[in-house]
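Some structures to go through are shown next.
Next, two complexes with chain A in common: one pairs it with chain B, the other with chain C.
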Partner chain A sequence: MKPFRSSCLALASVLAAAGALGAARPQYGGTLRADVEAVVSSLDPASTPADLKQSAARARIAPLVFESLTAIEPDGLRAELASSWQSDARGTHWQFRMRSGVVLHDRTTLEPWQAAAAIRQREPAWKVNPDGDSLTIDTSEPTPDLPWLLADGRHAIVVRAAGGRLIGSGPFRIDHVEPSSFLLKAHEPYWRARPFVDAVEIEMGRNLDTQVTDLEGGRADVITVRATDVRRLTRRSLRVEASRPLELVALIFEQQRAADSAIAWRRTLAATINRDAICAVVLQSEAAPARTILPDWVSAYARVVASADGPALPASAIAALPIDQRTILLRVDPADVVTQAIAERLAVDAREAGFVVKVQAPAGLAPRADARLVRVTVPATTADRAFAEAAGRLSVRGWPAVNLPSGPALDATYRAEQSLLDRFIVVPVVHVAELYGVSERVGTSLHPVARAIGGWDLADLWLQGGQP
Partner chain B sequence: MHSGTDVTVLSFAAVGFHGREWWPRLTLATLALTTVSMPASAQQPAPFVDLAAEFAASIAGALGPGGSVRLTFAPDQARVQAEVERLLSARGVRISDNGDATPVAAACSMNLRERVCAAEIGRGDARRVVMTTRPRAAADTDADTIVAIELRPIYTQRRPMLDVAAVGDQLLVLSSESVTLVSGATAANLGGRPVASKPITAARVWPRDLRGRLRVAGQTFEAFLPGVTCRGTVNPFTLVCADEIEPWPIGLDNSGIAPSRNAFSTSDGFVFYEVAPLDRGRVLLVSERSVLTFVDNGRRTAARGETADHAAGFLDSCADTPHVALEGRASETNADTLRLFRVVDTRLVPLPSVVVLPGALTSLWSAVGGGPATAIVHDFNAGRYEAFQIELSCAR
Partner chain C sequence: MTLRARLFALVGLVVAVSVTLVTITISAAARRSFEALDRQRTGALIAQFRREFSLEGDDVARRIDRLAASDAAQRTAIDLARHGDPAPFAGDAVSMAAAQGLDFVDLVAADGTIISSAEWPARFGYRHGWATPPHAGSAAFLQPIELPHETALALVAVRRVPTGAASLYIGGGQRLDREFLRALRLPDGMRAFLYRNVEPEVSRQQLVDASGNAPPSAQLEPLIARVRQTGQETSDTVESPDGSELVSAIPLTGARGQVLGVLLLASSGRELGALLSRIRWSGIGFGVAGLIVGAALSYAAATQVTRPVEEVAVAADRIASGDWDTRVGEVNAAPEIDALARAFDTMAAHLVDQRDRLVQVERVAAWRELARRLAHELKNPLFPLRITLDNLRRARTLPPHEFEEVLDESLATLDTGFRNLNLVVGRFGDFARMPAPVFEDVSPNAIAEQIVTLLRPQIEAADRPSIRITLDLDPACGIVRADDEQLGRVMQNLVLNAVDAMPNGGELTIRTLPVAAGVRIDVGDTGEGLTEEERDRLFTPYYTTKRHGTGLGLAIVQSVVADHSGRVWVDSAPGRGSTFHIELPRTPRDRAAGAPA
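And then the complex of A and B:
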């Protein structure tokens, strides 16, 4: 076991701490401008996002408007629209007591029957009924982690009004929707107190290069930042805030390179990866070296996952390989400059060991690749659920096959992950934080823009020049 | 039925820091300045000691009877490691540094749902992993754990003082000339009411940087000054002084302070101004030229590096690792500050908690065996000396 030690992600901590120490009395008012990359056509949790980018953008915007019975916070599960809950021993019958006095965006009070209807629509197999100030849920199968499941945005409580209008209870209400923008207004009677800003204007379809120039040009207050852009922004004294490491960048060998007989070859290639250099140089200290699928803050067992120890090929053996076995065609997403930069660094490291790695970022048809470098988001939830979701994103085309945990127990997740890593078909490289650039207009407060477990915290932001 | 959490979410909601609660929190009479650490990847260690028994049983079960292990833990988990070692020994497992012993690499950590201790036992094909988990309670936090310095004023007077110690509900105040017994010192009246005073009779001239320390045991007390030791009783109030160089009660064996000097020395050659006790017999010394020196329990220098004029250690802090408060300077006000650091191995990890003192810190004494430290501050503007008790507040 190798203890996890990294100087990476240091900048994020420093910036966050500086923000905390520089806390000032917040002011009310103003319109906050935020950019997102994808165009979100609907915030309706019942609709399916077209792709991962749209899913990521919606995951940021929707919680501003809609809330769930429970919420996942950096320190675990918290009550949100439910104030408490209990279940039977099997976890099939649940009772959620609703928080009283929650005012919806149409100024009516949230009733248990409305919450029941919202969940019933999402989970038709469940029996969901209001019961006084509570609602009861009967699942057909034991669901001991139901409160964790309900924290997912897909189970947000949405009240459907006439004309298909969606009504939520979050800190902002939808005021105006354009094809490429949302205007959200502060929800005055919000149960956790009104946000500081009066409105949030979200511009969609802004690619990451445009977002940086929007921030630099004073046209945006909050943008998404790539790790490769951090230095550029901090040199201009713009704030960059980071979440915990949320995304896994991993090397996946394709089927023709995945035979058991080639495991020493894969292990040898994996051993050439200089994670510290990738993290510190390529990703400008905004990432952490990864030897596991799940970061430790999600699994809590990362430090006992076996690393890439084992017999590797000596340099002479690599040199003696036929050229086609020494050459690896590594495919990356042509639209993702971060993985391209990592891939180029992998190629340098591999070359020193005698391999030839050719980075391929095809826009169209291209020769069959030997491996892919992919970036997948690890959701902030229970380890079994996070692993299942990450595995689903890793094996998006049915490859590689991943055995899911046999149950919610942590050791089952550990075994599934260790088993996947032992094959060296998926090789974790780094865990990357979610990064946000913040304009000088945004006042420093004790709450950072970037939530530790991903997404924005816009209700706690305030703008300079507002009212005390 | 399993009970869910009945959490008052408002307490950490939007009004939590920015709204009505925020400003009053900073104006608490305790003068505590508390800042919340950023939830980031560098997590605060949590107390996993309650998992130790089950964890040790799992390791012992995996080893079989009569095993011998080489146990390593994450470096910031000394407390749980010590407990696991104790429990393994009680189960007949021998703890060894020998290379022939089975390597057991363990770590305790926390995910969003549970607290986990995991151990890798053995290597290669014989490798096994055992885990012990506990559901994470609502109060279990990692990065959100707040550890802050709290400064509690206990006494103030115009004249310089060297140390203040509680004796029952009264205070003993040590100055260069006397030991004074003070009653009725409260938050509303920090001056209290001097009820008795005895002069320190010494023939010698005090050094320019005079230092003094009090030790109270029941109704008796001792006052230590360079080259002079005084002994007294509270009731009746007596004091007898003698020219004696005695070890001072500072948490490290020492030869006292020589007359006309201001530094301590030890028989094994350390010369230092202050000592902050750490865990497992380790100490952090403020050595010559204010260099901070880690000394291990074998009285060997483990590390040297940063500098500070004053340091206090907190043994019974809430976290799994010791904390120290180091003196610094607030650039805006030119006042002294105390900044909190977590001690991880021989590294000082800065925490956000900083307290700005009302003036210049003249004395800082760590408590021996745990408890609050004592600070004496010279408030130039107010023209007085103030005594504070310094503690760590630990909110989860």
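And then the complex of A and C:
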């Protein structure tokens, strides 16, 4: 029996090694299934999303179909449909050399005039003209960060065919549209390389709990994951990939708690926040402690932003306050489990210092809150644009008032942010990354599913069981 | 109070007292029985609670044992020991609690910091209060559990996860709340409350009722406070809207003997109250029925006893009112009452016989008195007539002129004598012919003044002794219904009698005054007064104390006053004069209708 057993073991080892080798090698074929939370009715960059969720879903899907002249990477800009660009000294005249050989989804070649028409439609004030294999853009005001601006999905190059059909140049083309799903097919003559998968089937309107269930049940290959669900997936040996921190969770005091005379009180409450514990435990290390609005990889100055000096109130002073002054009604989005979990931890930390923080997640009318814990997306763009957009999302109905940077210079953004933080009306808590759960079917490759600046990179992933 | 009423009251009293005594006795016995039963039920419930408490504790300890021995706990402990980072395990307690059906589960590191908490997930990293090594392995114990917005009371156990390398403690348990109370099988009329002593002061929010109803917090607070203070079991009666309840309060202590909860078992007095009410109403019902029966019996008995007596009394009243022919006859009663009735009839018959005889005697006496008076009255005028006739007989022998002179004188004397005889006869005739009074509105004062005016010259004549007349007439006397002439005659008789009673002079007083019955007229003199015998016979016809009186004046006075529904009487004593009083109603009884007769 011994020789037979040894032979069997040897054969099994060989087969396993072969299987492992096959699994490690990229393969073509297969349909990738992805879930998104919102229902996207249109991928047209010219249309405005109905809400933030729809905007986020479209930001994931649209780059698969439509490309821009430039693209943002964590370390800067990357050329995409434009191979290079240059401008005059003032930044009012720009010339973008178009990448040659870019084949659109209708198998025609992308011409500069088509790109110019697409941009012109989005920015009628600009003078956009084809110029040989290039296109020129003239702006009335100096726009030194124009390439960053063009990297935004709103400036994606969309060719409008007869009948309103949208034609892009991305790695996937729209094959079929249902009210709650998209079927994208691989764009064979994609200028980079054909995607490994044959198709991407995107199910829309799947809430985050359902997406986790879909992933666990093998009904989805890529889903959006909350930090609070990471442990659940990793225990099942499911892969979770993260972008750079792209969201800010911040505490915002409402006007009745924002008097200058109460700054010591706010500082004391802010000092109770144990950001490390929140990041490590609540967010399962998929976040970074935040003391600034912009994450350091966007602003590069986060490490030098200083908290405003000033003593915190001693515990005895907190205890001596009337109960209504040391009680904080903290409002959170009832649909945001992550923010609620963070708020609960804030309440625990504050409680240890003598505060009473009551977390309020109202579904309807509720008593006036003293503060709110919000989660806002920080766009991956230049610091001043990112700060302006983040400030706009923080400042609901004009509160809190935020002084925007006086110019594109980084120090202006720094001063604006420092000025905002010094008042302790907005207290950054954590920066959270976008998290994606990936099924075991998805093979590992050099390119992660989650792009560093958010969104999917589905062109470079492959499915096990496909054709090598 | 009549005999019948007394009999009724006696029977009613006996029935009421008997029923009351029986009711009180039964009520007291029922109360004692209920209290004994209540003590038994409370004791049984306390024993049941302790049993449930012990079983629940054993169950909690078993579940924590299972958790500590589970693969998940072992893996967590091993991973924790290997990597040292507790963050990945922050959510483990939730799934463990769900797996074992526990309300609370905490994973605690050897240094006492919370790794994961099912009931308060956000509290990781802080020190745990009770899942500590000293408690590991011991039996379940009562423990206050801090939660985000409250402090709960739970039955918990602590176990160490048996891995070699690292120490991981698991503490967990079940909330002690309404659900736990519901496990108690409460008999009807009993309620169970649990007070969770997890706040510095007595708090109504910590009191839960097994039934889910709002507990009577205000009533139970003093009892809870007493148990908190003394740590001893106690009981008291509390009043609630449903009635009084006997509440036993049992302290529930923690691992260090501190009072962490109070079990309150309330036994409703409603059933006892209902029973007592039924007894009371039954007593009232029996009492009423007894009173009705007693009334009937007493009525029957009283009828047998009092009816014949009442008939005798009625017969006596009739006889007293002049119906001398009244008899009781057969009464069909007890022999004693029959004898009484027969004796009454015999007595009535004897009274009639005696009355008849007395009337006869009085009639004879009256005729004798009348004859005597007539003889006396006639004798005086007749004597001069006989003397005159004798003188005439002797004068036949006188010379004619002398005879003529004697004859004239005799004729004059005879004439006078016959007139006197006529006067006497007229007086008797007048008394016999007293007319019926004619009533009209008259003033007693005016009549008195008229009489005085009429008689004053006669009274105050020069040849008469000096009599002073005093008129004291009260204007308030007003008007009475009376016969003017007859009343004047009465007053005239009385005034003349008074004058006659004062042969040596004196004072005549005529007074009128209003009285309750009507009007009183007093005529007084300061004469010699009357003896007792004279007073007794004063109003007898033909009785007089005067030499030339007919004895009819006061009889006439009495007759007139009686016709006016009044009364007359005299106050007199020898040597102190006499005063005649006449009291007249404003309207005579027989003339109440007011029409003049």
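Rule of thumb we're sticking to: the second predicted complex is superposed on the first by the 443 of 468 C-alpha atoms of A that agree within 3 Å, B and C clash if a C-alpha of one lies under 4 Å from a C-alpha of the other, contacts with A are read in each partner's own complex, and residues count from 1 in each chain.
Throughout what follows, a residue touches a chain if its C-beta (ideal position, glycine included) is under 8 Å from a C-beta of that chain, and two chains touch if they have at least 3 such contacts.
None of these values were measured; they are calculated from a predicted model.
Chemist: Between chain B and chain C, whom does A:S84 touch in the aligned arrangement: first, second, both, or neither?
Modeler: first
Chemist: When both complexes are superposed, which of chain B and chain C contacts more residues belonging to chain A?
Modeler: Looking at chain B versus chain C, the one contacting more residues of chain A is B.
Chemist: Taking the superposition on A as described, I'd like to know which of chain B and chain C A:A277 touches: first, second, both or neither.
Modeler: Touch partner of A:A277: chain C, not chain B.
Chemist: After lining up the shared chain so the two structures overlap, which partner does A:W113 touch, if you call chain B first and chain C second: first, second, both or neither?
Modeler: Touch partners of A:W113: none, neither chain B nor chain C.
Chemist: A:D296 in the overlay: touching chain B, chain C, both, or neither? Say first, second, both or neither.
Modeler: The first partner, chain B, only.
Chemist: So in the superposed three-chain picture, is A:W399 touching just chain B, just chain C, both, or none of them (first/second/both/neither)?
Modeler: Neither: A:W399 stays clear of chain B and chain C.
Chemist: Spell out the part of chain B that touches chain A in their complex, as residue ranges.
Modeler: 1-7, 9-10, 12-15, 17-19, 22-23, 35-43, 74-75, 105-107, 109-116, 118-120, 127, 129, 131, 133, 136, 138, 140-144, 352, 354
Chemist: Can you list the residues on chain A that touch chain B in the complex?
Modeler: 1, 3, 9, 12-13, 16-17, 19-21, 23, 25-26, 72-80, 82-89, 96, 99, 145, 147-148, 171, 190, 192-196, 242, 244-245, 288, 295-304, 306, 380-383, 410-411, 414, 418, 433, 445-448, 452-453, 459-460, 462
Chemist: Under the stated contact criterion, what part of chain C meets chain A in this complex?
Modeler: Within the complex, chain C contacts chain A at residues 85-88, 90-91, 120-126, 148-149.
Chemist: Within the complex, which stretch of chain A touches chain C?
Modeler: Where chain A meets chain C, its residues are 228, 231-232, 234, 274, 277, 280-282, 284-285, 341, 344-345, 347-348, 352, 358-359.
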